Each structure stands twice: as structure tokens, then as C-alpha cells.
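Listed next: structures, encoded as C-alpha cells.
Shared chain: chain A. Partners: chain B in the first complex, chain C in the second.
Right, the complex of A and B next:
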């Protein structure tokens, strides 16, 4: 018994040490957000901030050329639209790929999986040219619509629906539903777990997106990740404002994580992501 | 009519979807009715009178006031309505993508006056005639780099450079002179270092990232031969230079880790190193910290055939060849970057520390009129080097990997660089088409 307690204690100690190590970068964000540049770039490591007031926050908010509040709103609009749109499209596509098993369906599944294997960087330029031809640069359409189809989300939904009991759908069809109403009245209400899981993953990815928004989001639709990059220029990095901005940007996703962590874990487990 | 919870939710969902579509269609629900026009543009975005509309792109300069200054310059131009677009983020990638579309900026900055891809694909208007004899007024090292196959595609705006900072008082206390060769730099760095202050700092990778190509120039060679058919530096002098720097690193004279990177003045200001490789842009912060006790020098000569070297970079104002108003854009570029010398000095000197592209304007820049700034300006003309236009990313990556293997992993330089001979040759053949 004593031996078991000893090893349990050791495990706890190791886990606490590992947790602290993983928390260290977040502490550095907090420390730097409330520090002067001198404290951040000091020759000796300082554990504590030296400016525990709102100076960096007011400087950040007062900087009109950065426009952090507007950028936060743009990011929120983009993330919500992208998440809602992607889940809607992928949910239907995934369901169709799971239920229809003829040759065309298998071909579409192959094409969908193939898009997962194409490096994103290779399709960026053609995607940008098409978006620009449509006149969607610096618009929310340009930010959201090109990313609406997610092969990853579609495949996750398809795998989920493969295990979904067809008997429930058959029963609803007997009761007078057509396939469309059966999907929304029976299948969808019973799939909220996977919808929340995939939605959470898409939401976090969309909020953190940088490359595409940096190409498309200009003055009117600049997202917060791109806005923060303005603190890093060829003439140096403005650390205090950058980290204060990072702290603000992390906050909404922390709230999302706190409320949806169960679904996030479920999504990561289902997808095999680490 | 019975209203159920489901129908209310349905209506709510419909309204939300409609609002979403409205938000998408409007592009920006927070936008003011007139949009965000720069001072140089009319509220409607339409041309006023006979004037044409031009767009001018800049990358994001870090110094406060530059954006407002260039918007003012544009507003003062009377022959066209010029809208300034300030582009944060990865400017080169954004510009490269935009130049592939139909909506190209009329005037834009390009590093070193345009890349090989931009020139070869016909994206840049030939500005050779536009600059004409005025090219002799510009810094000769910069103009050499801006000229490709006897053509000029960009008008230099301002010059940035890297150089070596030191503290004369520390050298005096240690009884050493300002080094003029790499051997003297090694001796001086080891002499001035103390338990709290290191010798030489050039980045947290030991300096190999920023100094790599400098070893070519400082050992007395160029990256490519005159015909750009093969490498011009793969010889014993260059290999010895790499080994000399490796020995310097091993001797403890090179600070391997500091509180900031080489491009920031912080490590030097914190007295973490007695010598620091840095940018001219750091000069105001360094002189603020140490007053007159600041010296600057080029990277010293390495080996018998060596020579001092500093890398420089300059953005050039280019005109898009497929712009809608090419002639108007060229007139604007000439007006701003060739004729308006007061604005050129202000652009270089009023907000940060840069070197005006025209030699005669250097003395008018207050930060360069005397002291370290004045010396730095001379380095570019006398010892300035920039990557050859055909030094491609593929060559650069292989070169950096080989330099790293020699200095960090102790590889034999001759063996390590042997594969680069053929690689550079084939890459150049490919680039020449």
C-alpha cells in the first residue's frame, strides 16, 4: 500500500513538472504582456513582469494603425462564418459519401482524400488568382468561401456516419420523412457531438489562420493574426505590444477550450490528430 | 396562427443566415459608407478632373511616421490621384501573388529593384530611360546591383546596411586597436571579453545565418563569375575563412546566445557583447545608450586576398508593366524618387536611420552627417555587397546548409562544398533558360 502511494506520488510530481513545463510559454506571454521592452530583452532572465498595469494595453488599443479591436471583430466574423459554412458543407458531403456507395461516390471519396495529400502551399497562388479575378480580395467572401470545403472535416463526418445506425433513418422514412428531413430531424440531432468536435477544430484553425488572411485580408478585413504581425518589421520587434496583443488573441480560444474541451478531445481522438 | 418554438428558431436561423450573406456581400459590415480612402484619393475613389488614379504599394516600415509621410508625398503629387497601400506581413509573397492578377499595383517597392522572376516574366517596366543620366547620382554599388542585362527596373529609394558595432572605450581598456583584419578581430574580441561581457555577437545561431555570404566577400571573392555560369568562390581562401570563423567560435570569442537577435540593438546595449553585428537602423538606440562611445566598422578582411565587406539592401520603386496607367506611374516615380530630393532625405532620415540613395544627399541626412553614421554611409560605397540577382533560393539554401555543417558540425569545407559546384552550375543554366 505504501509502495503504491509512493509511486502514485512520483507520478503526480512528474505530471506536475511536465504541466509546468508546458505552461511556461504561456507564462512568458503573460510576463511579456506586462513588461517593458527592457525587462523582456534583459541580459538576465526575469520571472516576473515589471509593469503590472495597463500601459501596454492602452498603447495597443490607442494604436490606430494596428486597429486591434477591428481586427478582432474581423477574425471573429471570419472564424464564425468559416466554421458554420465548413461544418454545413462537410456534414452533408460526409453523409452523402457514407450513404451512397455506388462508383461515383467512391470516386468522389478518392478525389476528396486526394486533396488532403496536395500541399496547401502549392494551391495558394492559383487560389489567390481565382479569388482576385472574382474581385474578392479584401472581402469576407474572399477570406471565407475558398476555405469552405474541408476534406478533413468531410472525411471525419463520413467515418462517423458509417457507424450511425441506418435503422433510425429507415424508421423515420417509414414515418413519412424524406431523406432530407430524415437527415435534419433524426441524423443531425443525434450527431451533435461530432458536429461540436469538428466545429471546434475548424474554429480554432480559422481563428489562428495567418497565410491566407495575410494574402486576402487588407485594410478592411485584416484579421487579428495579421494585425499582430505588424509589430514585427524589418526594423525590429515591438515585444510589449506584440505579447499584449497575443494575450488578447489567446483569450477567446481559451474560453472556447474551457467550454468545448470535451468535444475538442473527442475530435482529436476521432481524427487521430495529436 | 400558431407560432411554435421550432418556427421561431427557424425564423431566427433564417435571419442569421440572411445577416451572414449581407455581411459577406457588404465585405465589411463595419466600414464607413465612404470606405477608407487615403488622403490622396477622392471619397468616391474616382478620378477628379483629368487626373488618373494610381496605387502605390509599400512594405511595412517599422518606424513611426513613415506611413503618414509617404501618404503626404502622394497627396502632394498633382498630376495623378495616388493611393498608398501599406502592406504588413510577408510583403514579397503578397506582392508576387498580386502581380499575377489583373489588379496590379501601378507603383510598388521591390527588394533590390526587382527579382529575376519579376524581370523575366515581364512584370516590371523598363525604367532605364526614365533614370537616364541621373543614375550617376545614385550610390554606385546599389546601381550595379539594380542593373541587370544593362537595364534598370527600379529607382533606389533608400539604403539599409549591416555593420559591426563596438565600444572604443572597451578596446582602449583592453589595450587593443580597432581591428582591420579578421585575425585582429579574433584577438580583440578575446581580449575585451570578461565574465559578464562576451566578445563578438552576430545572432543566436552563432552568426552563421547572417554572416554566411559575407565570408565570400570578405575573403575576396564574388558569389558568381562575371558570366554567371558558375560559382566564383569555391577555393581554399574561402574554405580557410570558414575554418577561421569556426576556430573563432570554438575559442569562446563568439557569443552563442543572447537576450535578443543580431538585428536588435538590445544585446549590445545590455553589454552582452563588446562587438555586435547589427543593422544601421539600430544606431539611434545604441548612441542613446553609449553616447560618443560607439564605433562602427565593416566586417574585416579574411585572409591574404580579403577585403572589408558590408551587405546592403535597397528597396526600389518599380512600375508594373501591365498597369493601367504605365506612363503616369513612371512620371510619378520620377517625380518622387528622382526629382524630389527633400522628400528622399526626409524618407531616409526623419523616421529611422537609412542612407539616402543619392550620394549628394548623404551629407544632408542629419544622422549621417558625422560620427558613426557618416562612416557607415561610406562603407556601402567602398565595401558594399548584395546577393547576385541569380543567387537563387535553392543555391542560398544549399550554401547555408554547407556553411552550417562546416562551422557547427566541423565538416571539411572542401568536401562539403564540392557538390555545390555542379548544383550552382545547373541552377544557373536553368535560370538562364
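Right, the complex of A and C next:
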């Protein structure tokens, strides 16, 4: 018994050390966001910030070469449109792939699984060509629409609907609903958990996306990730502003994540990968 | 676990008065199927498959600074790429990167999952702590790694430790040594481990308790329990996790670009395939979309072959 308690103690010590390591990058963001440049580049490492006020925030907001407010707005518009659109498209497609079992449906399932295998990032060159042909460079259409068709989201929804009790829909079909209204009246209200899970994945992915926005979001539609990336490699980079920018860019996602984590864990555990 | 399911060979359609009825299906079920699937199907065609076909076409032409082909060059773009040392190096970079990142992330995720599994107190807390970096972008992580942890200047955290211990200050990302790999691997570990930990915890929880009880009755414990019960039972989840890790390693771009690149330039080393493709097709340089198209086709072929091979092996071993 004492041996078991000893190992349990070791387990907790290891967990606490690892937890501190995992939290360290967050602390560095906070420390640098509220530090002077002198504190950050000091010859001896200071664990604490030395400027606990909003000086860095005001200089960041005043810095036109980053344009952080505009970039935040752009990212928010892109992330919301992409999340809403992807969930809508994939929810319907996933439902169709789970409920209809004829040949066309099986063929579409094959197409979806094949698309799952080829990551969208590997075809960014041709996607860029098509988007440029459409004249969508530096528009929200260009940022959002090409990324709306996620085989991954469709597949997760399909796995969920495979386990969804078909009796509920049958009852409403008998009551005179057509499949479309049965879907929105019966199936959708009972699928909030998986919608939240997939929505969270898409939202975080969209807010954090870099490759595609760096090709499409040039001036008017520059997103936060692109703005931070350009600022960090520019000549006039200032660490306190860079880290204050990182803080206000990462904060919304941390909040979303903490609130929706429960659905995310459930969604990943119950559907998809097994 | 995504697998390609076989689709039945199409039978020739039978003409006749019932064709329309057959197409609509019982109570119009086929029409409803089309209604539900159409947005997804049309989008995939327009923004995934049409671009692939278009770039396959472009890959046989010269197309500098334009998206319309100018001169037919046959397989020249392909032979150019396959004899280009930088392109071959980018494929080798992917292999080297994958050899490091895939096993390390898998072992780290499994380690965390085992540490947390059946933990009575604080499990949810620790799980959140390890999972939350998933919400952070590669760009922001690269900022922290580049300017705080792995800064080559004296104020970098790791250099502080090294100089405090009496060592020489290290130029981590400057390319004078290969230590940038430490930064590239560790940043990905921080961002990814928690996500795969969640998948593996789910896998661990699906192992029936009776299996453990039976093994414990037989006197198995500790490592033997892990080796003979846990790992074999976890095989399906492990295969899925490793496949996802490989696909993600193939797509590596953000952290390389943001940790090693500087204003409009990128060093000739440490270029994974997507970074190289980006540099030759759209960023700076020559902007030849024909070569870019050929590169896309080669990368897509590699990943498809890889996926098919994976399926083949899985089917052979009876899953």
C-alpha cells in the first residue's frame, strides 16, 4: 500500500512539473506583454513584468504598420463566416452520407474519405490559381469560400449521425414532415453537442490559419496571424508590442476553448476516430 | 480511422418508362439526398478537384507570373523538380522531420494519457492544462520560441540557463548549426501533444476493465500490463494517431516559415515540401505556376500512394 502511495506521489510530482512547463509559454506572453523592452532583453532573466499598465497596448494600437484592430476585425469576420458556413455545409452532407445508403451515397463517401487523405494545404497552389482567376484575392470571399468544404467535418458529422436514433425522424416523417423539415425540427436540435465540437475545431483552425490568409489576405483583408507574422520579421519590430499583440490575439481563442472544451472532448471521443 | 470503402461497380442504367421514378427513388429519397449533399459536392468539385485538374494541366506548361499557360513544355517541369537539389532536399527534410516528430509526439501523448488515466484527483485540471495549447496558433508559438526561448541573443531563456551553467551562448536559429531542429520539434510538441493525448485517453477508456482484472489475476503488473494488454488493445487508436501525425508533418509550414524566415527570404536549409513549393510558386523568386503545379502533383501523388499503402498494410494485417 505504501508502495502504491509512493508511485501516486511520483505521478503527481511529474504532472505538476509538466503542467508548469506547458504553462510557461503563456506566462512568457503575459510577462513580455507587460514589460519594457529593457526588462525583456535584460542580461539576467526576470520572471516578473515591470510595467503593469496599458502602455504597450496603447503603443500597439497606435502602430499603423501592424493595424491590429483592423486585422482583429478581419479575422473575426473570416472565422465566423467560415465556421458557420462549414458547419452548415458539412452538417447536411454528413447527414446525407449517414442516412442514405444507395450507390451514389456510397460513392460520395468514397470521395469524402479520399479528400480526407489529401490535405487541403498540399493543393494550395492550384487553389490559389482558381481563387485568383475568380478575382477573389484580397476579398473575404477568397479567404472564406475555398475553405468551406471540409471532408474532416463532414466525416465527423457522418460518424455522429450513424448513431443517431432513426426512430425520431421516422416519427416526424409520419407526422407529415419532409426530410428537410424533419432534419431541422428533430435532428438538428438534438445535435447541439457535436455542432459545438466541430464548430470549435473549425473556429480555432480558421482564426489560427496562416498559409491561406498570407496568400489571399493582403491589405484590406489582412488577418491577425499574417499581421503578427509580418511585424515579427519587419525591421521595426518591438518586443513589448509584439507580445502584447500575441496576447490579444490568443486570448479570445483561450476563452472559446475553455468554454467549449467539454464538447470538444466529447466529440473527439464519441465520434470520428475509433 | 479513415479507410477507403469500396464502391460498387456501376451497373448500366436501364432505360424505360420508370427511369424518372427510379432516379427520384422511393418517396423522392434520391432527390433529398442530392439536396443535402449538393453544397458539399459542388464545393469540393470547384475548390478541390477542379484546381487539381487545372494544376495537372498547367504542370505541362510554362506559366511564369500568370495563371494561363504560355508554352507547352511536356514533362520539363517534372524533370526540373526531380533533379532540383532543393526540391529533393525538401522531401528529405520531411522524412527527417517525420522521423523525429511522429514517434516523439506519439510517445509524449501516450505518456500524458497514461499519467492521467484513472487519476482520481485533478484529472480534468491537468487534462485542460495539456490540451489548451491546441488553441494557440503556430505563428504565436513561433514568436515565443523565436524571441523568448530560442533567441540567439543573451536574453533567450535557454541561453540564460546555458550561460548561468558556465556555457557559451548558442545561436539556435541562425543556421550555423543544426540546433534549430530542437526549436522546431519542441514547438510542435507543445502545440500538438494535448490533442493526441485526448484521442489516446479515449482509446484507453475503451479497453474493458475485465481485461485488466484478468491480467492482474494472472500476476501481470506495471510494464508487463502495458506491454501485453494496454498497447495491443490500443492498436486501432494508435494507428489513427500516427497516420494523423504523419499527414500533419507533411503539411508543416507555419512554424518553419515564421521561425526561420525573415523579410522576404528563407534559408536554403530546413525547407519542408510546402515551404519549398511556396517559395518557388508564389513567394518572391520565379513565380512559375507551371512548376508549382508539377510540385503539387508530385506531393499529392506521394501522399495518395502513402495512404493507399497504409490501407493495403492495414487490410493485410486484418486490422
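Note that in this section the second predicted complex is superposed on the first by the 244 of 274 C-alpha atoms of A that agree within 3 Å, B and C clash if a C-alpha of one lies under 4 Å from a C-alpha of the other, contacts with A are read in each partner's own complex, and residues count from 1 in each chain.
Methods note: contacts are C-beta pairs under 8 Å (C-beta built on N, C-alpha and C of every residue); 3 or more make two chains touch, one makes a residue touch a chain.
Keep in mind the model is a prediction, meaning the values are calculated, not measured.
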Following superposition onto chain A, is the placement of chain B relative to chain C best described as a clash or a fit? clash
Please determine whether it is chain B or chain C that touches the greater number of chain A residues. C
Based on the superposed arrangement, let me know which partner A:221 touches: chain B (first), chain C (second), both, or neither? first
If you stack the two complexes on chain A, which partner ends up touching A:121: first (chain B), second (chain C), both, or neither? second
After lining up the shared chain so the two structures overlap, which partner does A:10 touch, if you call chain B first and chain C second: first, second, both or neither? neither
Looking at the overlay, what does A:235 touch: chain B (first), chain C (second), both, or neither? both
Does the superposition put A:166 against chain B (first), chain C (second), both, or neither? neither
Applying the touch criterion given at the start, work out whether A:257 contacts chain B, chain C, both or neither, answering first, second, both or neither. second
On the A-aligned overlay, A:54 touches which partner chain: chain B = first, chain C = second, or both, or neither? neither
Applying the touch criterion given at the start, work out whether A:97 contacts chain B, chain C, both or neither, answering first, second, both or neither. second
Based on the superposed arrangement, let me know which partner A:109 touches: chain B (first), chain C (second), both, or neither? second
Would you please give the residues of chain A that touch chain B in one complex and also touch chain C in the other complex? 41-43, 124-125, 128-129, 132-133, 145, 215, 229, 233-235
Of all residues in chain A, which touch chain B in the complex? 37, 41-43, 65, 70, 73-74, 77, 81, 84, 124-125, 128-129, 132-133, 137-141, 144-145, 214-215, 218-222, 226-227, 229-230, 233-238
Show which residues of chain C lie in contact with chain A when the two form their complex. 1-8, 10, 25, 29-30, 32-33, 35-37, 39-41, 43-44, 46-48, 50-52, 54-55, 58, 67, 112, 115-116, 119, 122, 126-144, 146-149, 153-155, 157, 160, 190, 194, 198-199, 201-203, 205-206, 236-237, 240-241, 247, 250-251, 253-254, 257-258, 261-263, 273-274, 277-278, 281-282, 289, 292-293, 295-296, 299-300, 303-304, 307
Partner chain A, residues of chain B touching it in the complex: 20, 23-25, 27-31, 35-36, 59-63, 67, 85-90, 93-94, 97-98, 100-103, 160, 258-260, 263-264, 266-267, 270-272, 279, 281-282, 352
Per the contact definition, I'd like the list of chain A residues that touch chain C in the complex. 11-12, 14-15, 18-19, 22-23, 25, 28-29, 32, 40-45, 88-90, 92-93, 95-97, 100, 102-111, 113-130, 132-133, 145-146, 148-149, 151, 154-155, 178-180, 183, 204, 207-208, 210-211, 215, 225, 228-229, 232-235, 239, 242-243, 246, 249-250, 253-254, 256-258, 261, 264-265, 268-269, 273-274
